[in-house]
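Next come two complexes, and both contain chain A; in the first it sits with chain B, in the second with chain C.
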Partner chain A sequence: MGNLYGDNGGVVQEHQQNSDFVNYCNKMQGNLVADMSNCGSGDLRARKNGFKANETEAKPVNGCLKNCSTNSTTCQQAKGKVCPNSSQALLTPAKKLKELAEEHTTKTSFEEVPLHTACLTYLGFYLLMILGYINQLLFVPKVAKEENRDGYVTLYDAFESFYSRYVYRRVRDCWNRPICSVPGDEVTLKDRVTKDYGWSFQFTGTETRCLNLGSYNYLGFADAKGPCAEKSEKTAREMGLAMTSSRVELGTTQLHLDLEQLTARYLGVEDAIVFGMGFATNALNLPSLISPGCLVLSDEKNHASIILGLRLSGATTKVFKHNNMRDLERVLRHNVVHGNPKAGGKPWKKILILVEGVFSMEGSIVRLPEIIALKKKYKAYLYLDEAHSIGAMGPNGGGAVDYFGVDPNDVDILMGTFTKSFGSAGGYIAGSKRLIDYLRTNSHAHCYASSMSPPIAQQIYTSMSMIMGLDGTDTGRQKINQLARNTRYFRRRLAQMGVITYGHEDSPVVPMLVYLFSKIGAVVRTLTTRHIAVVGVGFPATPIMEGRIRYCLSAAHTKEQLDYALDVIDEISDTLGLKYSRKPREPNPIEY
Partner chain B sequence: MLQNIIDFCNYWWFRYLMVTELYMVEKWERVTIHVIFAVLFCLFWYFNYSVLLSFTGNILGITPISTIIDQQGSKIA
Partner chain C sequence: MLKFLKNILLSLYMQYELVTCIYMFEPWEKKLINSFVILTLGLVLFSSFVYLPSYFETFLQFVSPLPQKEGSASYTPILQTQKMSMS
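Entry: the complex of A and B
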């Protein structure tokens, strides 16, 4: 709530590049590293805090240089590609880091909002506020009156409830839409109408079958049929639906143990622990890892579960600008040098860097190799939330760690959820055996929360084995490839249309900026009439200025489905005026 | 032809409502806002006409044409 305007800061000073164009140039040169000066420099601008600024931070990691020389030969063989041998990233030489920073800059795009749109967005927001106040003055809504409370202060009274009554309520039909089918490649929406401008809804009894571009079903494992569903059904028949006990009491079965082992193997670390809920994995484990007197450096776009966990822990939190290594290093260095001001400048108990693999609202990917280098330089711990990246990123579906080919042991705490790519529920934490043993004795989510339901665990187990290819087929690999291809295709087609999308070109979360509340409403409504279900995101999940439509791609989508969606999006972005982008557009048709 | 013009106007009216966020408000609120807009416009206009115009005229030493006409009129009479 507090940072109505402040949030843009981190985004605005990110970089604006035409990634397609740069890639195209790179291919021409047969060189993986973007050489900016050769690529039509007139159109390509590196922002102040873009890669130029990062050059300074790509200093060699102290003490690492020696090791590098022994290992650099393997890296040179791999030349620019991410080495399949993950141990090399541990010894990343300075030059490599610089290349990585440049690569990140070319692949990530945060185009700035045109000035007139920014002004109009604020103007519109003020208009809505004025209307809200007039409305509230003239007609006090029933919900705003708290009855039979003489002598009490009001229980619900905040800007938030004003906001949800007079801004959100007007386009409320675009959210909380009940569905009545599996959220696979298609989803069935239950139709409803409102006769009083969003205060209440009535079901019409009809249904709409829509193409599903909204669910986090990255690998398409959310399915009511197929091997996963069958095995889960079998497990449910054998073991029931609930363990009705916590893990440390009578809630652990062989299935849970197997799942933990498989997860550890999948991630390439020593051990793992699983929990029944992803949100709680963050919110309840962070307090057992950190305490008052510790310092946490948290990315400004981190998920609510992380923020809640940090507040619960009582540790001091410093927020750094989204994916901005320079800012992170500045905060890190300052705190390593000056220590904890409350303790008279004594060193912090621990310093923890907290980032996500793929940011679910920005569609950006963490700059993992650079963060690992920083973390080693300043001896801080790293907690990586792979909720959206696990399964969806990397050649083997191993998340951001796999995508960058870094050593998973370099990340001290690997966290992730099973709700997305695995089509199930729950979360995990993986890392060294000592870490997991510590959590087994200290974690609230392990000791006090009920253990994971067996069919849920079975679904994860089956889907994970499929991704790893343990079922003897290459279904998993095909899904990973399909997702990567869908992502590239969809993002490039959107860029060609001229709409503004945020994030990294390989991230399956694709936010399309529409800025205004009305446009969020209009886009979601229009797309629903064209049988496409998408999610609109506005304040408070994003800064007020940056309303957006979020598409989530899935391996379940076929090219035909995406083509249909893209054609419709193209059409409506003309009629609704969504083509804000001023970047040069790719003139040639885009290949799938 | 007429239909085309109506369609064109409707479309841009819709776009106008969209960028001002008036697309998603109730009808009476839309009317209220437009009335407020109109009142503001009139106030500005009146202010500009009565205050700003004579003020700038004074500063720049320009005699407003209406005064000249008045003077001429009085001479003739």
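Entry: the complex of A and C
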């Protein structure tokens, strides 16, 4: 079902995008779970954006928090007040935390949706729904019938199939677009046409070369030529394409061991373990780390793989508002004080805070130093999913940990994927030797899943050593700097134009809000005619209100390419009416 | 000049299509919605031209503090004001 919805412009990571839909559903149900186990401890359900949520008044849990006024920075003050009389001293002084919180707010761009746009968005959505139902009554297409299935349960959920047939179908040409080249700085789309409004597509046989603003190719290692590709090819010739066995049986080679060593060195921790699939790294390792009776505090914008893992583990999950430290502290404090209500108020076995480094739909960055301070204060564990941040953030490409300059040993479990910055596939978990040894004996992904394919491992190995500068050149460093410059430049130019973007100024994922469902389609289509490939994201992957276009920057882009893209975006946001922002605009031209 | 006007009209129509999500519909659905919108608009305009002036007059007479002129209108406004005050 996922790929009907995949909001992925088909540019590359299909599975990622498809899972975003699942992610959304999971989130909804995850929230339900949270509610049931929650016994009315405040409102965890608010699925509003975290920045917004910062301003809403949370229910104070106890006296100490009552003096908190309405925003997160003052929350830090309150913490400062609490500090002296609590026995646990914070390692980072409260004042510094306050500064950090302020810095986070200034660096994060966010704007409320204009009221009339909000109304129009809902109006448009209802229109789509109503006409969809009329359409469904009048014309039942052949594909929509299940034959010879009397007495069986229907295969499709009614609302889901309705939505994909009568709402999503109308703009289906903007997603799952087939490509026929390496998704580097440019990508070749296979052209297709539809004669029946999205029910079916025919290839025209022509191709369009597009500037690729849709791939997670942050450091530009996805390339059909160059040292990475050559070495992988060599490995494929020597070792074959697959190990056809799991790691604990016959699937371990020297390459895998080297890769694990290098990953541990790269992250600055004791040991690491690698898996053949990033999604499975989360989904299958979380159940071996936590069990029923543990409490997990999960960010509301977490990825589908994490949510699946949490469900499989059977641990109690509570969701906190996106990147909202005040809400996190409230939930943490409540649960430390009251314990597990199902076990009669006994303490939880473990409390695990689960966050991502860079959130792929919001473009925001985790507030790591503050979370680490909280985690130390309340003696919880921290699991950090660096899928999008590893390689793309920090002066040495070490992810969010590197970006904030915190000690990697402060994060108990460092997880990440090789699918994005390294231009490969797979995932890792890194941490202390004890943790990794435990996973080596207990993880399902290690014991039962097939091991990573050698050319894939080689690609990671080569690109990682390039980032670390082990190949004797400074290509890796150049790429990191290029990405950082591209990101700043692109984000600032967009802000100058007057479109609304979300997220942190250093995050290479740039969501641009277009709100209306039809505008997502219009933007993707118009940009394709101008030879730019982007990804549109709409309901159900985001809330109805917040349809968006997501640009992913890459070190492979040059300034000229970005300038071209920005000029086109400027032009079309005039014609399509995307300049919603009411903030003052930077009058001077922006330097690269 | 004509072309310029046409362009402006076209872009306005595009904006209208986008904000109402009509952009995404099939042609027959577009026609349906557009005729619905035109019909509603037409009815509103028609009624406001035909009925509104007289209603407005009655209303003014009803609210105005000045004593009413006798025999000011042929369609017995007194009757209507009575109705209104009753409701």
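By definition in this document, the second predicted complex is superposed on the first by the 500 of 592 C-alpha atoms of A that agree within 3 Å, B and C clash if a C-alpha of one lies under 4 Å from a C-alpha of the other, contacts with A are read in each partner's own complex, and residues count from 1 in each chain.
One rule holds for everything that comes next: contacts are C-beta pairs under 8 Å (C-beta built on N, C-alpha and C of every residue); 3 or more make two chains touch, one makes a residue touch a chain.
On a predicted model such as this, the values are computed, not experimentally measured, just so you know.
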{"item": "First (chain B), second (chain C), both or neither touched by A:438", "value": "neither"}
{"item": "Partner chain in contact with A:518 - chain B first, chain C second, else both or neither", "value": "both"}
{"item": "First (chain B), second (chain C), both or neither touched by A:162", "value": "neither"}
{"item": "First (chain B), second (chain C), both or neither touched by A:128", "value": "both"}
{"item": "First (chain B), second (chain C), both or neither touched by A:175", "value": "neither"}
{"item": "Residues of chain A at both interfaces, chain B in one complex, chain C in the other", "value": "120, 123-125, 127-128, 131, 135, 170-171, 197, 516-519, 521-522, 575-577"}
{"item": "Residue numbers on chain B that touch chain A, as the complex places them", "value": "11, 15, 17-26, 29, 32-33"}
{"item": "Contact footprint of chain B on chain A as seen in their complex", "value": "120, 123-125, 127-128, 130-131, 134-135, 170-171, 197, 516-519, 521-522, 575-577"}
{"item": "Residue numbers on chain A that touch chain C, as the complex places them", "value": "120, 123-125, 127-128, 131, 135, 170-171, 197, 516-519, 521-522, 575-577"}
{"item": "Touch list for chain C against partner chain A, complex", "value": "11, 14-15, 17-26, 29, 32-33"}
